[in-house]
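Sharing a structure with you now.
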Amino acid sequence: MTGNIIIRNGTVFDPKNNINGDVMDIAISNGKFVQSVDEKSARLIDASNKIVMAGGVDIHSHIAGPKVNMARMLQPEDHYKNLRCKTDIKRAGVGTSCPSTFVTGYDYSEMGYTTVFEPANPPLKMLHVIDELNDTPMLDKACYPLFGNNWHVMEYLKNKKYDELAAYVAWTLKAVKGYAVKLVNPGGVENWKWGVESTLFDEPVGRFEVTPREILRGMCKAVHTLNLPHSLHVHANLLGTPGNYEMAVKTLDSVRDIYTGGKPIIHLTHVQFNTYGGTNWLNLSSGAEHLAKYVNNHNHASIDLGQVVFSKTTTMTADGPFEYKLQKMIGNKWVNADIEAETGCGIVPITYKKSNYVHAIMWITGLEAALMVDDPWKVCMTTDHPNGGCFTTYPKVIAWLMSHKARGKVLAKINKRAQRRSALENLDREYSFSDIAVVTRAGPSRLLGLKDKGHLGVGADADVSIYDIDVNKIDPAVQYRTVRRAMRRASYTIKDGEIVVKDGQLVKSVPGRIFWTDSKVSDDLAKSMESELRSKFNDYYTVQMNNYIVAEKNIVNSTPVKVKANV
Amino acid sequence: MDIYQDVVCPVCGCLCDDIEVNVENNRVSKVKNACAMGTTKFLNYNSDRLHSPLMRTNGSQQPSSLEESITRVAEMLVNAKYPVVYGLALSSCEAVKVAVELVEEIGGVIDNQTTVCHGPSVQGFHEVGESTASLGEVRHRADLVVCWGCNPVESHPRHFERYSYTVKGRFRKGKEDRKLIVVDVRNTGTAKIADKFIQLEPNKDYELVNALRTALNHEQIQCETVAGIPVEEIESLAETLRTCEFGALFYGLGASHTAGKGRNIESLGLLVRDLNNWTKFVLMPARGHYNVTGVNQVCAWQTGFPYAVDFSRGYPWYNPGETTFVDILRRKESDASLIIGSDPVAHFPIGVSKYLCSKPLAVIDPSNSMTTMAADIVIPSSFAGIESEGIAYRMDGVTFSMKKVVEPPEKILSDEDVLKLILGKVKALKRLK
Amino acid sequence: MAEITLKLKSEPPFQPVDLSELSPDGVAGKSLNEVASIPIWIGNRPSVLCSIYDISGESTSNLSDLLLVINGDLPNSRRIGAKMTNGRIIINGRAGLYVGAEMKGGLITVNGDAGDWAGIGLKGGLLEINGNVGDFLGAAYRGSRKGMKGGVIVVKGNAGCDAGAWLDGGTIKILGNAGINLGIHMIDGTLYVSGNCESRIGASMTGGKVILSGKTEDLLAGFQIEEIKDKVKVGEEKISGPFYVFSGDNAESGRGKILIKKDTNPKLASYEKYL
Amino acid sequence: MNPEDISFLSIKSGDNVKVTTRYGSVILKSSSSNQLNKRGLIYIPYGPYSNRVVGDDSNSSGTPTFKGVQGSVESAIGESVKTLEELVADLRGV
């Protein structure tokens, strides 16, 4: 694989191993961190006066799959703004909000990221997702298949067949090579397929006799039963609706009793879009306070931000009805794409403007959530790329988290009415570098059950980012611009022990691996579930069951994660 | 005898995946479940094969070695200042990936059959987007099916029985629960079985859609007929569309190739968008070549653009009309072409075909065609989905892994492998330079 | 006025020639030698301006005082005068695609035909084409809803299809005939056609004004007659009518106006009963 | 072709006709079809013959004008339909 590397005299932030800015050496051999290596045979990287962290880990970023690709096809005008030439190392491509796959990998890598998970995929089109991820270099990747509006799921729940449900989820993850379970607007997308725009939490889904609450609880239990590495990943109902913080809290609270300690069992994603107060768009406000209070008082839940960054971007989600309402409101081009028996999809390009009241409230809401949740281990930094903004804007978000001054600069320029309604001015909290290492590395890795990611301990995957920031000279609260610049282009990115970025430029292209979960349920249960599934498969789908399965030969560096289920 | 089940049919965009193929002594002996088009392909694919590479010397095509032909193609591409690589709708996605890399390497243009097929539909999509669905959604829910300028009965024979009309779905028993409306200029096979046939005047698609949308907005239409159809009939059609429970509008080249082209599809997109304010409605192209959707997908994720991508300045650039093959030929701008599994000499208007033949022309194809007859270099290839594996996309984007059921003839490589050899040679030549 | 003259050499390349750097902005303040080495692309080969043009004259750093004269037919050229902000270009011969694309100011005169996407996304200045022009004159890029926003385009000859698509300001005058989809998706601004016009004028328009002196086929169903007007103004110019005034596109709940000369369009008399 | 159009030309289904448009002309073998249920409509399958009478002007869409092309049809009994080989030779100019 690779030779030995010593990263010398770096200022190391490795919160998982309680290292907080200590100056030390990090040794790498054969793609893993080791105690020490022979100096003579090692390549030395001088990291003095530089920050050393584990490679970045993104828990939620729409980088590949049918909806991302439709969004690419939808917007040639967007690509024209950022055309990338082929080089000796890089393939050509396009940037902006829906970058081509190669560019996605390169840009992430140049920011020091090494692991990115794609969070919403129709199982029926997983071969497409995987094939795009195969073409997304530089990163370790995985997918979260969608289950929130799945007919089988709703039927198992209606018939109270919980073991079979777990077996079905295990089978699907294995068949389509998914990693975690994602719910998007549970029940609401099925209703949308008949044109119904809003779904109540405790009202049965049309023609299926189960409620969104039951879907949430049932799937949360199934994930628990299967011992999946990541908790239930939820995009709640009523996303993008004034007053929806109540639904967010209700969603988290609906599974509280299932928690038995340890890691969180539910991850509420892109909370910014789900944490509004007010009753309509005119009196919209941030509801972050309420959500933060709940998350602070409970340990069964984690969140990621979905921060909005003022820019032209593209919204895309499996939440078809949300995108329908969005296009009605802003009148832009609109894609809706429903998937039989499983899920939906919507896409609307958008430009977030500082002067726009709603957009300004959105910006405030995300940051308030980040600053009001006390424990950074419960928070992951995301923009829900590209929904809140492109992942290339992460350094901006990091600067806002680290600097009251940086936030203030923007706050002064946003819509005045929104400004007056913001609590940001009074939130003095400023993230430390260690906090940043938590919300961009250690935290997401822990939540994803990636034991070998997000830290620099011996035995972990040697994914490293080195940033040109001298903590003795740079106060991030003041010199946030320096931090932003440094984080946009890593001095070094090391992936599996190979130097892939140097001085902010890609120096080597590597394919990365694709994780998926193989949760083993008892043979008898698996067999009976599968035979029943086979008997009705052709009634549900327009493809044969054998062709639904994604073969491992179609995956570049297929990396199954094996766990044992409780059934 | 070997029996292969759940074979994916590599003919049309329906990509039926329930085909059973019997193979005896490396020959397909029997085909079950396929339509006439699919059966014919599996049984007769071998009938007009190319058996050896050919090169034109002194005006006539002579057999040559694979290596020599690969070298000649690579030289042709490296020497060209504006080469075009065209085709791939009958290739696997794996082959498409190699082709995109090759075109990046040579600084050329890559275009595919979309350009003379649903290219205008893609342009309509750029303008307004679309409300669409996987075909199973239509199967389970649609109580109204509209075929606009498409003729599935004759060109996608199993479309109705598997996906859209006669098929039984979860919420629909079959055609008794659905209504079929056909909008076309002629009384096609599909029109003949429709519950309602709206025969419009040629080139008046946009006018009719505009009138329907105006009627949906309850605005007065100040003329007696539009596109040859009385306004009352248009208003009643708008009412039918508006009041269904789940409508599906399939469109074909009858809409995308008539006057206004992409604007027609854009207007259908707007019609369906408007209908979603009343009910649930989806729009879908009925796509022809089995993997034309796949080429668009791979091109889009690798380059940002679905077809007609110009790498001449190092980055991908796209603008139909400028970077599309027909227009490049019409302006006489290309200086070499490599065609993969397509027959543009037969299918492009005569003026541009002539120009195509006047510049160096190479072809990779399993079978003889007018283009192979006109070419300077011909390299035979295997049939993807029959003689080699690979990924293909159905017209609604559902993805399949195609099977290999027989061995290709001796020494015949897949187009993916031929392209890899050309790419290798191109890289070697560029290093020498 | 400082003048630089480019004379096309014999046997120019037939592959696309990218001249996006060729504008007063790219030439101002440069010596002749520097002008000669302005980068261009011939197909996939990087090259320099003097490989296809003989260059003479004298430059100036004062943009507004700079004239580029380009002699010779180069219909395969791309982007002459793109994004120019000031100064003047005279093209004596056929110009290729994207002439004056995204132009912000100054003046371009084409004494000959111009290709497709001339003046696309124009923001200011004057683009004069004394021959015919191709499709998508003053329109928006693929997928973009930002068409021409300001400035003036005058075409002496005919225009192809989709002229003024997504027009959002400024004026386009076509003195010859116009193709299908004139002013489609128009938001604001003025489009004037002196000759005849193919169908679908103002399709999906939401605002702005199209004025037609010549003949057209049917109007789209989304337009309703509003009044008959004696004369209209295009910029400073008064054009005498009478004109039928239609409003629409009602398919898009639009508030655009189409004015069509009554005398040349007796077919449209059928609308008078709705007045 | 529409059956009435065939009678109007005083030919029978199967006789050769000459189709002319502003793009060119081609000799074809006629065939009567009730799918062409209105007079004045003809249909030519996509391919080397239809491509002699359709236009390469794409309206900057990339797609030639393959449909909705106006033209005329006349009887061409005695004239022969070209073979594919002849068409290729034509194209290559040999």
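Each chain carries a letter (A, B, C and D) given by its place in the written order, and its residues are counted from 1.
By our rule, contacts are C-beta pairs under 8 Å (C-beta built on N, C-alpha and C of every residue); 3 or more make two chains touch, one makes a residue touch a chain.
Note that the coordinates shown come from a computational prediction; the quantities given were computed from them, not determined experimentally.
Asker: How many angstrom lie between the centres of chain A and chain C, each centre taken as the mean Cα position?
Answerer: Computed value for the inter-centroid distance: 46 Å.
Asker: Any idea how many Å lie between the Cα centroids of chain C and chain D?
Answerer: Their C-alpha centroids are separated by 37 Å.
Asker: Quick check: how many Å separate the C-alpha centres of chain A and chain D?
Answerer: Roughly 57 Å separates the two chain centres.
Asker: When the centre of a chain is set as the mean of its C-alpha atoms, what distance in Å lies between chain B and chain D?
Answerer: 24
Asker: Residues of chain C touching 2+ other chains?
Answerer: Each of 116-117, 135-136, 141-143, 162, 180 in chain C touches at least two other chains.
Asker: Among the residues of chain D, which are close enough to touch at least two other chains?
Answerer: 59-60
Asker: Would you pick out the residues of chain B that each touch at least 2 other chains?
Answerer: Touching at least two other chains: 123, 126-127, 259-260, 311, 313, 318-322.
Asker: For the protein chains shown, what form does their contact graph take: line, ring, star, complete or other?
Answerer: Topology of touching chains reads as other, fitting no named class.
Asker: Using the touch rule from the top of the page, what pairs of chains touch, sorted by label?
Answerer: After working through each pair, the chains in contact turn out to be A-B, A-C, B-C, B-D, C-D.
Asker: Could you please specify the touching residues of chain B with respect to chain C in the complex?
Answerer: 80-82, 106-108, 123, 126-127, 206-207, 210-211, 213-215, 217, 219-223, 226, 231, 234, 259-260, 263, 267, 270, 311-313, 318-322, 331-335
Asker: Under the definition above, what is the set of chain C residues touching chain D in their complex?
Answerer: Residues of chain C touching chain D: 116-117, 134-136, 160-162, 179-180.
Asker: Considering only the defined contacts, which chain A positions touch chain C in the complex?
Answerer: 74-78, 80, 333
Asker: Show me the residue ranges of chain D that touch chain C in the complex, using the header's touch definition.
Answerer: So the residues of chain D in touch with chain C come to 59-60.
Asker: Using the touch definition from the top, list the residues of chain C that touch chain B in their complex.
Answerer: 13-16, 18, 41-45, 75-76, 97, 116-117, 135-136, 141-143, 162, 180-181, 184-185, 199-200, 203-204, 218, 220-225, 249-253, 270-271, 274
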